Amino acid sequence: MSIRKKITSKPWLPMLIWIIGIILVWEIAATIVSVTKRTPENVLPHLYQIFGQIFSTKAVSSGKTATMLVLDSASKTLFRAAIGFITGTVLGFVLALIMKISKLAEKTIFPYLMLIQMVPILGMAPIILSITGDINTSRIVIAAILTFYPVATNTLAGFNAVEREKYDLMYSYAASKYTIYKKVLIPYSIPYFFTGLKISAPMAITASILVDTLQGDGGLGSMLSQSLKHAMSIYVFWLIVFFSAFIGIFSSYFMGFLEKAVLPHKRKTKIKRKDDAV
Amino acid sequence: MSRKLKRKKSLWYRIHQNEKVQSAETVLLPLLFGFLFMIMWQTQKLHTLLHTDTFTLPLPSRILTIIADNSDKIMLNVNATVIVTLAGLVAGSLIGYGIAVLAALFPKWGSCGLKIIAAFNAIPIVALAPVMTNWTKDVSNHADIRSMVAKIMVVTIVCIANMSINAYRGLTELKPFSEDLMCSYAASKRVTLIKLRLPNSVPYIFTALKVAVPSSVISALVSEYFAEYIVGVGRQIRENIVLAQYSSAWAYIVVACLIGIIMYAVLMIAQSFMLKKRA
Amino acid sequence: MSDVMEKIKTEDRTVEIKIRDLGMTFKDNNGNDMKALTGVNLDIYKGEFISLLGPSGCGKTTLLRMIADLLEPTDGSIHIDGRIPKEVRLMQKFGIVFQSAVLFDWRTVRKNIELPLETMKFNKAEREQRSSEMLEMVGLTKFADHYPVQLSGGMQQRVNIARALAIRPEILLMDEPFSALDEFTKEKLHKDLLQIWRKTNKTIIFVTHNISEAVFLSDRVCVLSPHPGRLSAVVDIDLPRPRTLEMRETQHFNELVLKVRNSFEGGSL
Amino acid sequence: GSKAPAPTEKAPEASSDAKTEQAAPKTNEDILVAAAQAGKVGNWGLGNEYEVKALLTKYGQDTSYLSQAFDMDGFDDDSITLASAMTYNELGLVKNDYDGGYGYGDSVNVIDMNDEGVAMLEDNIFTTKAFAEANPNTVKAFLYASIKGWEYAAQNPDEASKICFNYGSSVSEDHQKYMASEVKKLVETDMSGNAVSDIGNMDEAAMKQTLDLAKQYIKLDDSVAADKLSTLTLDDIRNTSYLTEALASDGKFDNLEKTDVSIQLKWLPQAQFMGYYVALEKGYYDEVGLNVTIVPGGGDISETTAVNNGTVDFGVTWVSNLIAANAGGMDLLEVAQIYQRSGLVLVYKNDNFK
Amino acid sequence: MSDVMEKIKTEDRTVEIKIRDLGMTFKDNNGNDMKALTGVNLDIYKGEFISLLGPSGCGKTTLLRMIADLLEPTDGSIHIDGRIPKEVRLMQKFGIVFQSAVLFDWRTVRKNIELPLETMKFNKAEREQRSSEMLEMVGLTKFADHYPVQLSGGMQQRVNIARALAIRPEILLMDEPFSALDEFTKEKLHKDLLQIWRKTNKTIIFVTHNISEAVFLSDRVCVLSPHPGRLSAVVDIDLPRPRTLEMRETQHFNELVLKVRNSFEGGSL
């Protein structure tokens, strides 16, 4: 094998080159913007300017540096995202279970689950606020509503993918319905469930950023719009954009990691996902 | 075919077995549910259930009255929203598909590229929309045009990742040996693409679109909040909510849902038409 | 339409399963009736190894599923020791081996074998004792803590059989258990199966579409023909027991194979 | 980093399409007409636009405007040449060159709504009618302490701005300071430019002007709400008795119906609301026996909604928003008017209208 | 390790495919070398029907894929009429029939058969003429406009064969084409295949793990053994042509089967 071949066969290399390429394109664009625009940092700042902010010691607001501010508000947002995500996951799983138990329920509920995803959050927010009476609970509930769908559909797909033979087997043991759910359906659907989680985890974070803006008491969403309003350094905005993208990807990978931890044996589940709605 | 765990052969069960009854159920049950829901809503049972009032959740009759009273204005806003949604959906899907094709032709680089594109999904729309408004400042002197472009760009970006990831799977998750088959014919990459990969990816395109339709509607609505030119269903929802005009806001919310439902229905019809002959 | 009533043996064997005028009619996609199986009359003896043989779609699986109460016949009756299949199923007397191994990915080999024991509320000690015994019998003791994906197809099929035997069923129903395996693994499992059968002396109903497999294993071969699915012949296999692989090359074996082959109606070959 | 102001460099390029207007004289009317004709008047909308619409109508222009983002980038790049700005906020960003500022200094000028006679009253204190009737003593106590806070803040704007900053400010310290000094003017001066003696006073004429303009320029799709709007009177939206009695009291309030109360601001924590923060910081609320939580606003759950559904007890909003909300079916009641004049101006670059 | 060099026939037959010291080494999951196939020497004659027989994992598919230039050998060489496989592939001389039918769902039966003709730029008239001819040959003329999902497994496999033959390949490579089918369909297709072979006189390389299938169809059976994959024997099948199903019940057939079975090394049975 030639040296060239050896290097190009490294799996991380294409990724590295992609990242370098994107950085290059960004920097070229940023350079163009910086000479043509009066406030280039609002349009496309240089990457080093954005990441420079991480180490900046200058107080941006309330005596906090940009990094402190982002981390502070992130802790609020991520906490809500986590709770919303867990709520949504439980909700999605329970809904999938109900829809599996009753075909009638599936046919009745399913189209509306889809519809709920289409109702703009602004419409839901006041109603949920009046139900819960507390803005933070409302935020969590909305984040849950925005994230339960992938979990519900994927888990249901998992339930429905159980082979007929597995039922027959359990039936021949005269097993109860409860036993079949406990021993077959639920364990079988776990990988599908995790597929749902991998999709809904980043969604929970973007949803939680969205619901931050329901009221101005902190959180990444509030800081993002504040920064956009130039009430503070615009770099806070850019930092949040990068931070949320990073956390979103990380959350998805984290679910994959969790799956491996929960399912230590390598399950060769070829999930056919041609048609399950995500 | 789904199988019952219980094997009671009651009349009820036998009726259920009938295929026509089954497909009728698929349509009728949700409709029935929707109808009951509307009755509960109109009679304010729903309000008691949700601990809310007719101010926060106006009655259907009032909402419909407002829709009827303002049909011209609503159509104007619907037009704007639908144009943005469709244009963004089409552009995003095409670009996404194009990326997927490139990735399928150069898998080593492509699969990495897709991972990076997937990262776009993790950027919140609330961050994307204002940036796009800034980026499109030079597009036109007319605020309505540059706003539209900005909004379309938001929807486009939201659709790209979804389509490219799904289409890539459609282009690469081939039946075992089908690539070998084309190879044995000494078929070129191009011919393999046209004869094998593209047709194979059709069901996956629909999977992508099924996700993309609702999310393109939502992102069109959100991008309207941030657009310079004031038009669109989303903008109207926000204006009315902020002004505490819940009845009017709900009129627009209903309209927004209708846009989504109609687009989804069209998609499902197209799908059943296109995939009629497939397994 | 044929309605072959198999000749009742004069020897003193107790009939365990009595099948009379059995039929099953499905609705096809257009809502028309489709006779999957019709007019089956058959007596199966206690401790017998009987095969159901026939081409795809002739109703072998349908028949097996009706015996196991996984499907309710539209015509006729089945009685097992005078009971209807449902009672027998609830008494947990059936052991079923499906074509695919139907193992549970998330359970180890041992846990897979213990699954029916769990649903039947055996206590832990007894479960372990039985599963160890079964693992020993199918020669997989060393693999007790492996997961199914770590096993070859043949080993998976052995787990499948072990699981069915773990509950010590009266009646073992096997639906094309070996058809996915390669010839070599298959022959190995044939030997194993016959050995297990000899030890436990269960009644085995074995579904297959492989003539020589049916002849090699069985006491009797029931030949089913399609369109509509029906029992077209029952052939006694008088090869001596225990059977050896070499018997398959004998003249008599070939004659029996030919006899079975010729008993298909409508020249389906 | 901070931006160096460069209006002179950019001017020729930026105003290329405004060259034809160079000969125009520079009265407010001319500037407004020029900008309106070019379709470059900006406002944020969402209930902030009525004064601008009134001004456009006054000079015979169409009432459409561009949606202005909550930054001044559109003004900066001349896609909006006549931009809405609050004197205490955006105007400061446009003029000053601290972090987030655009640094135009004196090269910009403004059209003031108060001078043009189209001013509407802004920040007030309101609650629901039902809450006020059920908790009169609480309302009075709250008003008493809040007004005391505002009085102190107006006298010591620098200190007030620091207090705000420490309460989780959303803006930089420099801007906070600027804001406090401007808010002071709005609290102490009325629409005609006269000094106001009692903070919180609901001036009859100013309220009437606000209501009239609101009736004229708030356009509602909902016919029921529109009808209600046209019949609203001042008595439907405000009650002066609570404030009068609060100010006449000795600051001792017994029999408080509710001691834990909250107030939702119209926006994020900043010196725009310095009176409440000062009252909290200095313990004025404690003195009257109230335990007050200040809830920041600025989100999609508006203060009117939050007060109406009882998640908070008091709110700060603009009078026009309160009018619209009551027309829509809420039953809100203004109990004090903090800002005595409009803080809204239209800002323009002198270069664009030479 | 065995390195059986098959005895070159003295008769006047032209060697078409020359395989010399062929080996293939894969990397396993841990990055270790794994010999899938080693030291294969074989000559295949023009017009011959030759089978590659062996248990799962012995390298049958690997060998076939190397001949078809779908896999590059790590050792040794293959020459086909003096050319390397890649040239032959680019000359479009191979027809391949895979284990699963690999039909394209979105094409009708006819269009599936025409697929290779399209890629080889035949004109429309010629495509239709050839596909009609092929449909006729495999007896599916009536199903020309059906989609694959509307066919049974056996019919799909016939389309698969028809497609491979449509381009009139010099060499037909078949990788376990019938192992998923039931015995009865399989026997029908055996007959069909032999008939087609007689008509067209292609060279056929046929992979299977079924001994009697290999013996019944072939001129010669190449026996492969695993660990490491290697050619352990080549058995001449001197049954007369044309073959009939009855031959399978003859003594000679059984002897040949036994001979093949015994030629496995290491007692893999």
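Think of it as A, B, C, D and E in the order they're written, each chain with its own count starting at 1.
In the analysis below, a contact is a pair of C-beta atoms (placed from the backbone, for glycine too) under 8 Å apart; a residue touches a chain by one contact, two chains touch by 3 or more.
For clarity, every value in this text was computed on a predicted model and none was experimentally measured.
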| item | value |
| --- | --- |
| Most remote chain, CA-based centroid, reference being chain C | D |
| Leader among chain pairs (count of C-beta contacts) | A-B |
| Chain centre separation in whole Å, for chain B relative to chain A (CA means) | 18 |
| Length of the line joining the C-alpha centres of chain A and chain E, rounded to whole Å | 50 |
| Chain D and chain E, separation of their C-alpha mean positions in angstrom | 85 |
| Contacts with 2+ other chains: residues of chain D | 69, 73, 77, 300, 305, 309 |
| Of all residues in chain A, the ones touching two or more other chains | 42, 122, 126, 130, 171, 213, 225, 228 |
| Two or more partner chains touched - positions in chain C | none |
| Contacting residues of chain B [partner chain A, same complex] | 2-3, 5, 16, 25-26, 29-30, 32-34, 50-53, 56-57, 108-109, 111-113, 115-116, 118-127, 130-131, 134-135, 137, 169, 203-204, 207, 210-211, 214, 217-218, 221-222, 234, 237-238, 241, 246, 249-250, 253, 256-257, 260-261, 264 |
| Residue ranges of chain C touching chain A (in the complex, touch as defined) | 65, 68-70, 89-90, 92, 94-96, 98-100, 102, 104-106, 108, 115-116, 118-120, 147, 149, 167 |
| Footprint of chain D on chain A - complex, ascending | 37-39, 41-42, 49, 59-63, 121-122, 125-126, 129-130, 133-135, 138, 212-218, 222, 225-226, 228-234 |
| Touch list for chain E against partner chain C, complex | 55-56, 152-154, 182-185, 187-188, 209-212, 245-246, 249-251, 254-255, 257-258, 268-269 |
| Residues of chain D that touch chain A when the two form their complex | 1, 3, 6, 10, 69-73, 76-77, 93, 99-102, 165-166, 168-173, 175, 264-265, 267-270, 295-301, 305-306, 309-311 |
